[in-house]
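Common to both upcoming complexes is chain A, partnered first by chain B, then by chain C.
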Partner chain A sequence: MKWKAIVLPIVVAAALLAVWAGVWATGAFHESAFPSPLAVARGFGEEMRSGRLLNDSITSLFRVVCGFLLAVGVGVPGGLWLGQVLAARLAFLPIINFFRNLSPLAWMPFAILWFGVGDAASIFLIFLSVFFPIVLSTMAAVANIPAVYFRVAEDYGLHGRERLTQVTLPAIMPQVITTLRVTAGLAWLVVVAAEMIAGRDGLGFAVMDSRNGLRTDLLVTAMIAIGLIGIVIDRVLVQLTKIPSVRWGYDR
Partner chain B sequence: MFRSTAVKILAGAALLVIVLGVLRYKPWQRRDQPMEAARASLNVGFLPVTCHLTCPVTDFATRTSATTRFESQRFTDFPTIVESIKGGRLEATFMIAPLAMKLREQGVPVKILYLGHRDGSTIMVRSDLPAKDLRDLRGRVFALPSKYSNQNLVLRKLMEDQGVKPDEINFVEMPPPDMPGALASRAIDAYFVGEPHAAKAELDRSGRVLYHAKDIWPQFISCVLVVTENLIREQPEVVRDLVRGIAESGEWAESHRLDAAKVAAPYFRQDESVVRYVLTQPPDRVSYRMLEPTDAEMEQIHRMALKAGILERPIDMKDLIDRSFIPPHIRAAEISVN
Partner chain C sequence: MNQLVSLQLKNVSRSFGEVDVLRRISLEISRGEFVAVVGPSGCGKTTLLNLLSGYDRPTSGTIESSGRRRMIYQQDGLFPWLTVNENIGLGLRQLHGEREREGAVTDLLRLIRLEGFERHYPHQLSGGMRQRVELARALAGESDILLMDEPFSALDYLTRMQMRRELARILAERPRTVVLVTHDIEEAAQLADRVVVLSERPAQIRDQLRIAAPRPRNLTDDEVVQAIHRILTVLGIEHEPERATEMERTL
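On to the complex of A and B.
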């Protein structure tokens, strides 16, 4: 069972690579429109040796982690409040739904005007793209806590702070962690858009820059790095579901 | 239980940000450059096109010079450059001439001090089309980099001269890097853009040259050096250094074309052979001499921009152009390439 989880994905990846090489070998596309696996491997080596790939990866991770944690830090408490206070929910929900639909691409000009090109603008765009889903999902989780939980809490004499830490938070944690996994993926997904304007580094910038430099091999290199790091981020966040106090939420 | 887990997760998140932040900003690299801080430094915006070649060359030339350090900042499109200027984060940049006029019209206090180049733009057409001039492109799809580009204005003029009406050719705006690919896949039939995005199609054999810019408008201008009035007011000496640096870099590039390609390619992050091709095939495909803007040619661009509806009202060209920083004698910069 264990070996299957390792071998099978490698087989699929190898098959994909073979298809890629096969399509390239037919010569249906010009080299600059469809780079060969070999050219990409060479580009990968070039980017590794110059240190650019590592630097771009760290830069992108830094921006995504900052934007994401800011969104979590504001969004989860915000969602808790909205979930508990009906009037607040009625007041804010339409506005949150309004902003939720705006693509970070639409905010790009303002990001540059307000924050210039660099870390702050990218972090701002990543924040915007994950903040609203986190608020909405946390809010829904709180609103859906069965009323019987609170009645029991009442019987045990739990109020205010105690009720929050001993009933509300444990009740919503499984759903919040699932949301974090989804939105972390989202934050990493928008890194290309958020770093189009990044100025001089980042994987998203590398994508735009290799496009400008007419280098599709380096473009694919950056795409591969983005995909691989995305897998790692998800694996790390899966660890949160193994915390004993929230595992109940995933048992079936 | 719950509380201690939460503390652990918070500590982990904080540690992650700190570690990434340290790796990102590399604080240990800052201290060993005390000389850098002593010298004045200025960021100059450019795009990876040969029209802006003198910008990275000036950067290269001032890496170790005693005067101001000019750091070339690569952008990927003009809108980002414009927003950076409006946001007060960029004070000097290369940009397409009509766009500088548009900024001035919008009340953004910028001035044109110098030109970036002469010529260096090309009209490419699909190599399998027998087109000999624009009349043969009626009903075809023609790509332009931006309606604010001088390429757009010059093309309209050429269409008028050849008796082609504006709506007889289907124009699309497209980012220059996408043009060679679009031509190869026949999504477009022709395009007019600054190099090396035209030469790329020529090297791929998917396109051929219909006109060089110099065939349509000798000493064609597409990009100019734009500086904010704020920078002129506060650091006139830096501005003087910049214009001299650009002028001398241009003079050097003119006579050291192979070396210029070698210097610029890493800044552009483009294949050196493509840049070399543009600078040498033929050698007068792009020129970096006679970069002083004349009233007549700037007025002509202004008139054409008004006619095309790009500018809504005339602007005072005296406010826009300032030639006072151009050095009286231009010698080639001393640059050693290795």
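On to the complex of A and C.
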């Protein structure tokens, strides 16, 4: 079982690489529109030596972390509030649904007008894209806590702050962690789009810059970096599901 | 209220809007007594328990209680994010001193025969084990009255039978006043000192019978079988023996 999990993905990746090389070898596309694997490997080396790939990756990650943490910091408390207070839910749910269905990319022009080109515009767009799903999911998780937990809390004298930290929060934790994983992926998608238009650096900018310079080898290099970092982000967040006190939410 | 009385209901009625759920129920439960409340489903057994626990208030009549009340719920009431140790520890919150609490938890784990499981989480335990932890949590910290809402109804048949035995054994070691609400008439007959039979809604006390035989009792003991028969007769499910023998003759 174990070796299959390592060997099979390598076989698939190698096959994909072979198809890529095969299509390139037919010469159906012009070299400038379809780089060879070798050209991409050279481009990758070039980007690593100049340090640009690393810088762009760090820049993009920084923006994602900022926008994401900001959204979690506001969204989780917001969701807790909405989940507990019916009037708040009635008041805010329609407007939250409105914004949730509005692509964050539609905010791009305003992002640039308000924050200029740079970190703030991207962080703003990332915040907008993940804030609403986090609020809604936290709210749903709170509303779905079995009533018996609150009865037990009452019986054993857990009130107010203790009830929040020892009952409500642990009860929603598994679902919140799942939401964090999904929205972190979303944030990583959005940062590339944001930087393509509202950035002067970052991996999204690298994609756009390579296109403008007709360097498709560097374009593919940036794409590979984006995909790999996305996997790493999820691998990091999946560690949260291994905390003993949240395992109950997944072992079913 | 007399010192020997744990719970006392006088003419207690409870209605929800137009619906009368309980009507003029009077009941006195002595210290250390095990009372089972049975009745048709939906007759207000859980409402009665909610009144006894103080979670709900009667529409009229009075309820008095003396001592710390603890409820054991139908569904899983253990917190899944806490270990067995921590769940039991919830029942000991009023005890000061880490040492004292640890000692109490160890004693309770021994009592429910789950030594070695202190660091397990509820989802790693079987249904019967979880219900024993629930029991330990309710027993912890000098509780006086246990209110049980169909505590074994989610368990399979054999585990349920074992849990009755466990409960009898545990109560022998840690005597408590118990009110057990159940639709399981065998359970009531096997465990209770007194069985209170409720009528359909609005629930009134239809009959009360005392079962003097000491615990643990076998399901097949004469007293238990007789009690089951009497309860089922009161509920209109079984008929009087004369007719039964008549039927046997015709067969």
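Quick note on the criterion: the second predicted complex is superposed on the first by the 249 of 252 C-alpha atoms of A that agree within 3 Å, B and C clash if a C-alpha of one lies under 4 Å from a C-alpha of the other, contacts with A are read in each partner's own complex, and residues count from 1 in each chain.
Keep in mind that, in the parts below, a contact is a pair of C-beta atoms (placed from the backbone, for glycine too) under 8 Å apart; a residue touches a chain by one contact, two chains touch by 3 or more.
These figures come from a predicted structure and were not determined experimentally.
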Chain A as common anchor, with chain B and chain C clashing or fitting: fit
Chain B versus chain C as contact partner of A:32, first or second or both or neither: first
First, second, both or neither for A:170, with chain B first and chain C second: both
Touching partner for A:245 - first (chain B), second (chain C), both, neither: both
Partner, of chain C and chain B, that touches more residues belonging to chain A: B
Which superposed partner A:148 touches (first chain B, second chain C, both, neither): second
Arrangement angle, chain B at one end, chain C at the other, chain A at the vertex (C-alpha, nearest 10°): 160
Touched partner set for A:157, first chain B, second chain C, both or neither: second
Which of chain B and chain C A:211 touches, first, second, both or neither: first
Closest Cα approach, chain C to chain B, once both complexes are overlaid on chain A (Å): 9
Intersection of the chain A residues that touch chain B with those that touch chain C: 170, 244-245
Residues of chain C touching chain A in the complex: 53, 55, 70-71, 73, 75-77, 79-82, 90-91, 93-94, 121-123
Interface residues, chain A side, partner chain B - complex: 30, 32-33, 58-59, 61-62, 65-66, 69, 109, 112-117, 119, 165-166, 169-170, 196-197, 199-200, 208-215, 240, 243-245
Chain B residues touching chain A - in the complex, by the definition given at the top: 1-3, 5, 9, 13, 16-17, 20-21, 23-24, 47-48, 73-76, 79-80, 83-84, 86-87, 89, 177-178, 180-181, 184-185, 196-197, 200, 204, 206, 268-271, 274
Residues of chain A that touch chain C when the two form their complex: 146, 148-149, 151-152, 154-158, 167, 170-171, 173, 244-249, 251-252
